Structure formats: C-alpha cells, structure tokens
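Right, one structure below, let's go through it.
Chain naming follows the written order as A, B, C, D, E and F, and within any one chain the residues start at number 1.
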Amino acid sequence: MEVLTPKNSKGKRAKPVASSSAIERGDKAPHEHNTSLEDFVQFRSRLNVEILNEGNLVINRFFALDTRTYEAGKLDVKTKELLGLVASLVLRCDDCVTYHLTRCAEERVTRPEIFECLSVGLVVGGSIVIPHLRRAVERWSSLERVAR
Amino acid sequence: MEVLTPKNSKGKRAKPVASSSAIERGDKAPHEHNTSLEDFVQFRSRLNVEILNEGNLVINRFFALDTRTYEAGKLDVKTKELLGLVASLVLRCDDCVTYHLTRCAEERVTRPEIFECLSVGLVVGGSIVIPHLRRAVERWSSLERVAR
Amino acid sequence: MEVLTPKNSKGKRAKPVASSSAIERGDKAPHEHNTSLEDFVQFRSRLNVEILNEGNLVINRFFALDTRTYEAGKLDVKTKELLGLVASLVLRCDDCVTYHLTRCAEERVTRPEIFECLSVGLVVGGSIVIPHLRRAVERWSSLERVAR
Amino acid sequence: MEVLTPKNSKGKRAKPVASSSAIERGDKAPHEHNTSLEDFVQFRSRLNVEILNEGNLVINRFFALDTRTYEAGKLDVKTKELLGLVASLVLRCDDCVTYHLTRCAEERVTRPEIFECLSVGLVVGGSIVIPHLRRAVERWSSLERVAR
Amino acid sequence: MEVLTPKNSKGKRAKPVASSSAIERGDKAPHEHNTSLEDFVQFRSRLNVEILNEGNLVINRFFALDTRTYEAGKLDVKTKELLGLVASLVLRCDDCVTYHLTRCAEERVTRPEIFECLSVGLVVGGSIVIPHLRRAVERWSSLERVAR
Amino acid sequence: MEVLTPKNSKGKRAKPVASSSAIERGDKAPHEHNTSLEDFVQFRSRLNVEILNEGNLVINRFFALDTRTYEAGKLDVKTKELLGLVASLVLRCDDCVTYHLTRCAEERVTRPEIFECLSVGLVVGGSIVIPHLRRAVERWSSLERVAR
C-alpha cells in the first residue's frame, strides 16, 4: 500500500512527527473529514508505516492485497476506483471515500461522473448515506480547487 | 421498475399464480438463492405489482427512481450495473446481487470482468462476503448455461 | 419472551417435535420467509425454549429485557411495535420483520399504516431494503388473509 | 429538503461562507457531533445547496422524496419522526440522529418519549449503539437548554 | 482454504455432483441454515473449487489469507475460532457462524463456552442477532448429536 | 457499567464540567478518536451518569447487562475482552474499540496478541475496517506509552 500523496500537499511529504511529544502524538488521531486532507494523508501514512513495521503477516498481506485489487486487469483502473468509491459510500466509511475520491481525481474522473457514481450509492444505501454524500462532495470540491 | 425477464426463462413469462390457494401463496415466499432463478423472477414480479398497486406515493416514487438510477448518463449502463453489483455484494444482499448479475449478463459483461468486480467487493467487504460470493458465482454460471 | 402465537395457527399451539428424529430435527432449521408462518412460529418457540433452558444468565436477561422493551410506557404499544418494525427493516432482518408484523396485526395496525412505516424504512435504508420489503408485504397479506 | 433552522440559531440564518478562503472552506467539513449544532446546521445547509445545484436528477429526486417521507399521512408527523430517529440510531448515523432529534423537538416530543424511542434502538441494535446513544442524549439536552 | 469435513459427514467426502443436470445444479444453491449441514458442506466445497479454478489472483490470495488467519500464533486456535464466531454473529452471517461452530467443535470448545461467546455477540449486536442465535444453537446441538 | 478510569488519567478523576457554560457544554460532544483519551473518558463518564439518572428501566438494565457480559465465566475476562474488541472492530465502532483496548491493557494483553485479534477483524470485515484499524493501533500505542 503505497503512501498516498495527493496533489494538494504542496510537494511536502508527510514529515516524521518526532517533534511532537509522545502524549500529544498518541492522544490525537485525526478523525475522517473533521480534519484537513493534508492531516488525513499524514496520519494515514504514519500509521500505515507503524502497522506494517509490526510484522503481523496476515495484516501485511491484506494491505498488499488491497493495493493489488485496484490495479488494471479486465476492468481498467478508473472503473475499479469507481467500484471502490461506491462500495465505500454504501458502507459509509468517510476515510475510504476520501481515499477513492483522491484516486479518482488522479485518474481524471469528471465531476458529473463522480456525482453519477455517488447517486448509485445514494439510491442503494438510502438517506442514511446523505451525511457521507455531503462530506464526499465537500472533499471533491476541495480536490478540484487544489487541481486548478 | 420493469419486470425482469432473464433469458433463461425459456420464453415463458411468469404466469399468474391464481391456481395456488391463498394460504399456500401467502405462506411461502421464495428466499434468495434457495430457489430457482425462475421462481425468484416470478416472486419478484408478483410482489412488485402488489406493492405498486397499493398506491403509496413514497414507495412508488422510490421504485421509479431506482429504475432511473441505472440508465445511461455520464457513465454507461454496463459501468452502472457493475456499481450496483459491487454495492449489493458488500451490503450482502443475495437478491440484489442476482438482479444485477442478470442485468450484467444482458449487457454482455464477461466472466473475468464479473470476477474482478466481485474481487473488489470481497476485499472491501471481507470474508463475511464469501458465502454471498459463492452464491453469486453459482448464479452467474447458471446464467451462462442458459445463455448458451 | 413469551411464545408468539399468531391468529393463523388454527388454535393449535406449536407441538413438541418429539416425533421427528434427532438427525432431522437438528439438520433443518427453517430460514426466514422461505417457510410458512406456522413453521417459523414453531421453530422460534422450540429454540427459545432450548436457549432459555441452557441457563446462560446474560442471554436469559437479554430475552427478558427484549420483551419488556415493547411494553406500554410513555409511548403506546402500537407506536413501539412500529419502531421495532422500521428498525428491523432497515437492519434487514426478515425474521424480526415477521415478528413485528405479527404483533402489529394483533395491535390492529392498518395496511396503509404498515405501508407508511415500510416507506420510511425504504427511504432510510435504500434499495437494498427492497427484497425485504417484498417479503414483508407478502407476510402482511398472508396475515390479513388469516385474520379474515 | 428544506433548510433546517433549529431554535437555537439565534435567528441567524446560516450565512454564506464567502469570507473564508477557498482552501479553508474545502478542507474542513464539520463531522457529526464533534461540532456545535450551529456549525452542523450551517455545513448541512451549504452542502445541500451545492449538491442540489449540481443538477443530478437522481440525487435531486431522492432529496425531494426524503422530505416527503416524513409528511403527515396515515401516520402523523411525530410518529414518523420517531421512526426516522430509531432507524437512524440502529444504523448508527450521528448526523441523522441529530436531524431527527431537532425535528422531534419542533414536534414537541417529550424527554421521556425520546428516551423510550432510544431504548428501542438500544435493544434492537445492541451495545454498539451506546456511543451514539450518549451523543444523542447530549444533543437532546442541548436542544432542551436552547428551547428554555 | 481447505475443504471443511465436519464429523457428521459419515466419512463420505462431498461427491462431485456430476449426476445432477446442469440446469438443476445451477438453479439451486443451498441457502444457509435452510439446508442440512451435509448439503451446506457439499455446496461450499463445490463452489470453492469453482471459484479457485477461475484463477482470479485477488480472490485466490484472499482465500489463502482467510485460512492463514485462524492458524495458531500468539493466540491459540481455539481463541481465534471464538473470535471468528463472535465476529460472524454480530455481522449476522449464518454460513460463517456454521463454519466457525464446526471448527469450534473440532477444537473441543464446550457448550457453555459457546453460549458465553454467543452471549457477547448478542449484547454487542442486539436483538437483531436473535434469529441468528437461534440458528446457531440449532446447529451446535446438531453438531453435538453427530459427535456422540 | 462502572466508570472507566484508565491508567493514563494521571490520577485525576473526570471533574464536573460546571465551569463551562451550558451552551458550550451541550454543543460539543467529543467524537471518537478525534479527541484525547482523557476527554473521551470524561465525556463517557458524564453522559453515562446523565443517562442512568433519567431512570429509563430498559436502558438502565441494558447498561447493567453490558457490564455483566464481560465478567469471568466459562471464558476468562481476557478472552471476553478480545471477543468484545473484535466484535467492535468489525462493526466499526471507534469508541467501542477504544473501550475494549483500554480494558485489554488492564488485563495485560500483549501487543502481538492485540495485533492478532485485529488481524481477525480485518480479514472478516475487509478493507473498510482499515481506518478503524489505524485508529485502534494509535490508541494502543498511546496506552502503551502511558503504561510505561
């Protein structure tokens, strides 16, 4: 699972957080959309490293398998990312939605395509999906602004 | 929501079930994969009619909206059916999976494409999805045999 | 949790199943709607007895608490059964839906009221709820026929 | 879907957020209970406008249908809002719970009635519901203070 | 993922189903508890073979990873099977519950231990779990009869 | 349900929040991992008191039953906490995961054991669990730092 570095990160890679105190580091974990995209990417990157360094075979293989799932095969990468997006939306995982939106942006999915994909998730998953739809649209608009 | 008439129904439309007694009819509802595709289609068709005839505005509009969701737009019909399939799989709804598999067969999705779509659902949704994956593959193989 | 005895059981209480062989009994458990209401009630009753007889304190207290939840308080019994019905529908549990539909029938909820309650569950839970909506309507129509 | 304006908003409608910079706006989306009710209402209102302005037919019709679902019919508005509340609780959606609590307050539902409704959701959904129950009670107490 | 061969299968391995016609085979997939344990094992075995033979890399690796997950490590096999059981119960997957109950029987888990494990799942998952609890207990009693 | 007082709280019990204004208090409810462990414990403790003081019989009995569920019986406390942890993870409840991690720390569960338990939840629940896995690992590392 490679480190996700979306285009809005101003070229700065997520720095090691060595400067922050141990207490601060351990006690605050950015939650989903309630943080900036940059903080999300940094937290995600730092924890992925910590998890993989633990050396649990099952977890590490799962992470590798997860990355491979979205590689081009009979279906192209764009279609697979849309599949990941709609699955994340109906399961109502904001972080997963953010990840796949970022990947969709990299794959040049257009705004109307994103909305059609989200509309499928909305109808399948129902009104309970709406709060996640709002945060998804907010994220997408943010990604668009950064790309300009 | 139009009546689904997959190609394996031997040209026979689902007949009215007038011959069965009221008690029998009411007491047995085919459950998901534990019945033939033909029985599923017949039950689905009969109940859709009963529901729509009730005239509940919200339900009827939802059914109409559900049908419209999968019509071609910025994304083509095939992609939308794949989105519906993966969303149904991660939410673990056998009937919904059967429906979208039947539609995918009509849209000429290939077997390797179906398996790639299912693989995304498996990784996103986890091993809890496996029993539904088995039934999905059984359904797909059945649809292939009928199509020959 | 008292034994549920809906009006369509022709006055016959669920009989002990002593006559069936142990193997048969253990190997077939009626699944949800794929069986008659009478079989559902009988299986439910027999297993509730087996579970309560085990004497697991936590499980037995949970069953007692579950029964008490739907007793009249600040909200009347009918409203509470409708709450149980919509919660069961959005969580997509056919057996739970069947149970609350039977209780709603006993509380003289009307068909249009049932459909309005189901419509809330449909919009909240999305199209993934539709197969369960179909089976719920089939069950309700069956309960109406028995009540006549 | 009309803009929700709870009584604690001091008569101020959610203002356009034009004064904040684009980056700030896009990067921070208030998450659920971790923000004030006023911020939630403002974010919800702003994003609903952005979503509806996109002109995706399926999404816009879904939003219209969602509003209509809770209008008086055979069941009164209060009962329907309680149905929406318990469905939101068992599906563990804090934002949806907040929305229906606010509507319940407008419909003059009493505190003991709210607790009985929540108790049904707790028993149906299990201990996994407890963190959402806590946030629901915090929200309700907040709504009560504002109403005084 | 090895073929599961519980002790009640009378020493007969699941036979190839070559004798049944293609139509019959494809149209009927045993659903969860509504079939005997032997039919479940046979269907599971046959479909696992069909899925693995397809050669989808992601799916095949997931199946291999799933098997490895429950091997002894820092936690022993019995504990891991109990973890699999409670996770399957709260996610309400009858087939998964059946699988882990069979493995628990092989690992000599006692009936009171099974009930304690199920009680945790019941309290965490709520009354929506009860129908699955009933089928789990029915399965377990069936496994006990076969073991005698 | 006793008040949870993890070892990292520096001996300070959660103080009454009387000094904060009513509006502030009611409008901000700490959400899951987006807050320090100390704030989580304080909010959890304060709301538990408010809920239990309401005197709703069903809710109060459920809370008592929840506490009893994890007491030693045929399975020891450590095993039961691991069951609670994996159930919380697959149901993707950060607060519940935090609670059981804290209890696991008190029961001297080791880091590799925690990772094995989390690996079962990851494989059962799929990649949708990963964001919660990250926050769980962050919490666990925080608990380890405090324990040193």
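In this text, a contact is a pair of C-beta atoms (placed from the backbone, for glycine too) under 8 Å apart; a residue touches a chain by one contact, two chains touch by 3 or more.
What you see is a predicted model; the values in this text were computed from it and never measured.
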Ordered by label, the neighbours common to chain B and chain D are A, C, E, F
Greatest centre-to-centre gap (Cα means) from chain D is with chain E
In terms of mean CA position, the chain most removed from chain F is B
Chain-centre distance (mean CA atoms) for chain C and chain E, in whole Å, is 26
Multi-chain touching residues of chain C, meaning two or more other chains, are 31-32, 34-35, 58, 62, 65-66, 69, 87-88, 90-91, 96, 112, 115-116, 119, 122-125, 127-128
Among line, ring, star, complete and other, the chain touch graph is complete
Residue positions on chain C within touch of chain D in the complex are 65-66, 69-70, 73-75, 79-80, 82-84, 86-88, 90-91, 96, 110, 112-113, 115-117, 119-121, 123-125
Chain A partner, complex, touching residues on chain F are 31-38, 92, 94, 111-112, 115-116, 118-119, 122-123, 127-128, 130-131, 133-135, 137-139, 141-143, 145-146
Seen from chain E, its contact residues with chain D in the complex are 90, 122-129
The chain B residues in contact with chain C across the complex are 22-23, 26-32, 34-35, 43-44, 47-48, 50-51, 54, 56, 58-59, 62-63, 66, 69, 87-88, 91, 93, 95-96
Listed in rising order, chain B residues that touch chain D in their complex are 57-58, 61-62, 65, 68-69
